[in-house]
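Consider the two complexes below, in which subunit A is the common component and subunit B and subunit C are the respective partners.
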Partner chain A sequence: MLNFGAYGCANAEHVGYNAGMTNYPADSVGLVAPQAANFNEPFTLESGIQLPGFELVYETYGELNADGSNAILVCHALTGTHHAAGYHEGSDKPGWWETCIGPGKPIDTNRFFVVSPNNIGGCGGSTGPLSVNPATGKAWGPEFPIVTVKDWVHSQARLMAHLNISQWAAVVGGSLGGMTVLQWAIDLPDKLRHAAIIAAAPKLSAQNIAFNEVARTAIRSDPAFCDGHYREQGSKPQQGLAIARMLGHITYLSDDSMGKKFGRDLRDGKLSFGFDVDFEVESYLRYQGSRFVDRFDANSYLLLTRTLDYFDPAREYGDDLAAACRRIQARCFVASFNKDWRFSSKRSRELVKALLDADRDVSYIDFESRVGHDDFLLNIPQYLESFNAWMEGVR
Partner chain B sequence: MLNFGAYGCANAEHVGYNAGMTNYPADSVGLVAPQAANFNEPFTLESGIQLPGFELVYETYGELNADGSNAILVCHALTGTHHAAGYHEGSDKPGWWETCIGPGKPIDTNRFFVVSPNNIGGCGGSTGPLSVNPATGKAWGPEFPIVTVKDWVHSQARLMAHLNISQWAAVVGGSLGGMTVLQWAIDLPDKLRHAAIIAAAPKLSAQNIAFNEVARTAIRSDPAFCDGHYREQGSKPQQGLAIARMLGHITYLSDDSMGKKFGRDLRDGKLSFGFDVDFEVESYLRYQGSRFVDRFDANSYLLLTRTLDYFDPAREYGDDLAAACRRIQARCFVASFNKDWRFSSKRSRELVKALLDADRDVSYIDFESRVGHDDFLLNIPQYLESFNAWMEGVR
Partner chain C sequence: MSLRADLELISEWITPGSRTLDLGCGDGSLLAHLRDQRQVNGYGLELDVKHVTAGIRRGVKVIHTDLNAGLADFDVDSFDYVVMTQALQMVRHPDKLLDEMLRIGKEGIVTFPNFGYWKCRLAVARGQMPVTPGLPNHWYNTDNIHLCTVRDFENLCAQKGIKILRRVVLDSNHQADLRAKTLPNLFGEIALYHFSR
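So, the complex of A and B:
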């Protein structure tokens, strides 16, 4: 096991070179650092391909209790990482789910020991296209095999054993993270007592796949992509990756909220009669695209969109979602946002219906959207209070 | 005036080398051929830039009556052309609005003389980026100025004079064509008696602009685009243009209809665990993208999406759409399709509300969608019958 540093501590005195932050908010887990665990046993993926082993980078928040019964697994979304809460040294940007994880928050670190791993196939530190393939001594790059949500579940089960956790009190996540929760509940039903599936869907629609395909085409047709060998070539498919991200951002916001946020506001107050930025929304998308290129790997993005496309837990149950749900033992919480058009409320209701057809224990709330799909990340009081109320029941 | 050939005739005996077609359907205008009109007077665009003149390619169907009172102007959508009805010699593919134009159809060529021009700025034959700039003797390419819907209206008004038509019985169109109709009714209110605005919107939303911006970014960042000078360089931004088209096609179909058409059907019955086509919807999008590249010019596509972005007839009336509508004298027909998400029914109702606030004569129907935005092109009986009923009142 490669340890990146001590487990996070909220003591502000430890913050050496943390430029902006000297005091962390009282409801934050404060300073945190990632850890890593290596699993050297061969790992057979759903594709049939065998990884010789893998590494998972993860963060933990809170303390594991004596009988190991208070552990919560947090699953991240498409481009998320293990950094779900608190602050890294030197940064004043909190983790992606700071709204939900911390002392007194729905995922209450006073009560729970929270484990947040980075998925394999990504580029946040866990084994993926940027890692070295021991068979060749070179980075996997485009040769890294397609992984599935099932593969994530089974890789995370190894981490669970490594941490001496025999059953999760809850597995929780939003978007693709919510899908991972659902796969956990179906595949390893006795390994979790509660499942929170937020802003997700039981599988992608044709339209969802279509958006992924356009994003992949943008990346793969960028000449700098070099069939995925861009790093060896010293290039980077920046344009393709930026286009993919711009497209993603359109789906993260509702038409309404995009209208409220940007409307048809002109950046310079008048039309340019050209192709530079006229409208604020163009400026926003260009910014999001360019920022993403710095932090994300193109081969990972291709792979993770395929993971999304392939997610379909009902497939091995004759396309009968209720049959798949009949395996679930966990109490379930399903939440959607009424203007999310990436994974609409209707998609969550399909899941709730299947859970009820399977006579499972499910709570479901459709929240008033603020922005659309990204609502699951935001501080929306009704959402956090309801999620908190359900989490009170997690023992 | 450059005449491409005689005005269309439905006599099958004239069909020399028309491979597939020897008999045209009785409700078709049959064999047609484009014509062209040159306007050599300088034409000042909304941008302030002056074109030295321009050419409009157009088709006509039916016969102009003695007092010139039965003329209908058809306005095409984003990538449409003048070929709205009937068949070109050698082709068995009818015009884009064959469902609506012909003997006994809503735009009844037994009653009306139909004029269908190609917009300037496009690549269907009218003056645009592919045309020669007389000042340089070379093709305009990326130097062709941005044109607006207002510019189209005024360019078409020149064609109207050329054809000795003093007032259109109706101006009709769908999507961007419907927006052109609205601009006609506001800008030259005494030049039309009826206006049919189908599957349109009074202006683009931030989300609509966002999609256009992603499409433009795909084209402009394709290295083969060469800053728009791809023709001189012997290249073609095929990948960028294909991505733009793929994205367009996602917006032309509703999520539901895409689901019904493709679902999650696998082309080869199993997952490939790779990036080639797995799902039918991927195959569909790739086909649409590659087919478009053969027929469309990238500089035109950039320009026409900007025309869409800029369309906002209320702008010069203090952003008060009702004030703009108060100029309208035509009787209006507004139609939308309930699963069109590119220009949703809500956007049509905004227009209808403004027309009613302005005390104008408007009929409005929201039709049950079959596929989404593309419904305006389809043979949907309720739609064609209602459109026909309204057109009966056009005198």
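So, the complex of A and C:
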């Protein structure tokens, strides 16, 4: 049995508002609602498998200008969604990048038209394992094909055409979202003028893949997983998915910040000499795990971690990242956080080196960390100021 | 755009259209000037995030880097010029950094405060570390850990086989006057060198 702790999301530092709120903060885009676009042309994935078509759920903030030159694409991270900013009807929880998107914020909705789609393969609403496979009339489930970051780029390019945008002013994102930005800049270099790649890496390390493998093993070995057919069986691999998420959360925080946040504090002030929750950190992880189970699909999680593992834009350029970067035309901003150990600063510097070797336009900052990998979501004044300075140059 | 006199001089030494790396580029004013006036493709390296941000705001390419951590990320001869203004005296290994400059760049340019300047000598003769317009901080709160004189620098270059292509020393008004030309190590407050292998 999972134990609910008293902890909010590691990222949540927004002031809470009452459900059904009508007064939104002045620097928020306020009430937003998702939209959907259907693409009925067959879509061939990098694996060679063809999807008969797909749907993208997305949100937009701000207004597209007359010549369509002020559009920004926001790419989300592993378990993110299209809900990047503002508030949904009846909810007091803002989108995942509320710190960076809004009037007067780095991604300034007074200046830009922001497009934020949900990636295919996920479970946020775009086509994925929960969608119906038209060939069988049943949900795809575990049969949904593995998609790659390259597939996301090309699926988003269809959305771009649908919205009559010929070139993004910028494509921006953090973590796996930052990797998606890099793939955009390499694959469709003339479709974006600026690229912000935050808390990302040019590919996963063996250690990163190892963590993903443990997460997948936790899910697949849960008896309720039923080889991915848990929905037909009326079950849900809750334990496996929760463990996978707990593992993820360990990598989202640095050793330092976990120590500061929890230390070795005991929940009940004394040891229980058993395996129930003794330490606050255990309670936090169990809470994160159980909360995740409610909102995420296990097949999607398996698939998305594989998408991460496979990401390696240099592969098709003879494993030469600089050669891949030579294709880039966009002005690049690379940022890392100095205590992020999931995608450490060193990984960002590899990318910066490749961009320099390729003589591309790049600026780089390694920011002072507050919590670790999740810093890219937080209100860290120096980060926001520098990101804002770079975004001022986006035209 | 008004530029510090030493930066103005340096920019005249740099061939238009070249590729330049500025070590310790501060707020990026030299690189912005080189870009606007001499079509130079430049990158800056800077440790202070505030300065990096100011550079980015000017539209200059800046990489947040600690020069003391070395320049291993840069390949041999990847730049036409490697410039370092008023930072040589702050780095941990100035001698090694000079070698690095000429490894990654074809030519190097440095400027530094001349510790042989008569006001510095006078202060030391009085038994104190100098505080001058060129060296405005006290010994306990300065970032300068490797101050040198014009003669020291030239000796180091000779020892390393570094060829000095140009030398200008400026007096306290940032002018290259006759006294500073005749007795640079005594009357020069700021020294500017252009060098190669």
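Quick note on the criterion: the second predicted complex is superposed on the first by the 376 of 395 C-alpha atoms of A that agree within 3 Å, B and C clash if a C-alpha of one lies under 4 Å from a C-alpha of the other, contacts with A are read in each partner's own complex, and residues count from 1 in each chain.
The definition used in the following text is that contacts are C-beta pairs under 8 Å (C-beta built on N, C-alpha and C of every residue); 3 or more make two chains touch, one makes a residue touch a chain.
Note that the structure is predicted; figures quoted are calculated from it, not measured.
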- Figure out whether A:S363 sits in contact with subunit B (first) or subunit C (second), or with both, or with neither. second
- Which superposed partner A:K105 touches (first subunit B, second subunit C, both, neither): neither
- Chain touching more of subunit A, residue-wise (subunit B, subunit C): B
- Message: On the A-aligned overlay, A:Q207 touches which partner chain: subunit B = first, subunit C = second, or both, or neither?
- Response: first
- Message: I'd like to know which partner A:A389 touches here: subunit B for first, subunit C for second, both or neither.
- Response: second
- Task: Report for A:A242: first if it touches subunit B alone, second if subunit C alone, otherwise both or neither.
- Result: first
- First (subunit B), second (subunit C), both or neither touched by A:R220: first
- Message: Contact-wise, after the overlay, does A:K339 reach subunit B, subunit C, both or neither (first, second, both, neither)?
- Response: neither
- A:D255 contacts which: subunit B (first), subunit C (second), both, neither? first
- Message: Residues of subunit A that sit at the subunit B interface in one complex and at the subunit C interface in the other, please.
- Response: none
- For subunit B, which residues count as touching subunit A in their complex? 47, 49, 145-146, 203-207, 209-211, 213-214, 216-218, 220-223, 239, 242-243, 246-247, 249-250, 253, 255, 258-259, 261-264, 271, 273-275, 278-279, 281-282, 285-286, 289, 302, 306, 309-310, 312
- Query: In their complex, what parts of subunit A are in touch with subunit C?
  - Reply: 333, 349, 352-353, 356-357, 359, 361-368, 382, 385-386, 389-390, 392-393
- Task: Please give the residue numbers of subunit C that touch subunit A in the complex, ascending.
- Result: 19, 41, 43, 49, 52-57, 59-64, 73-75, 78
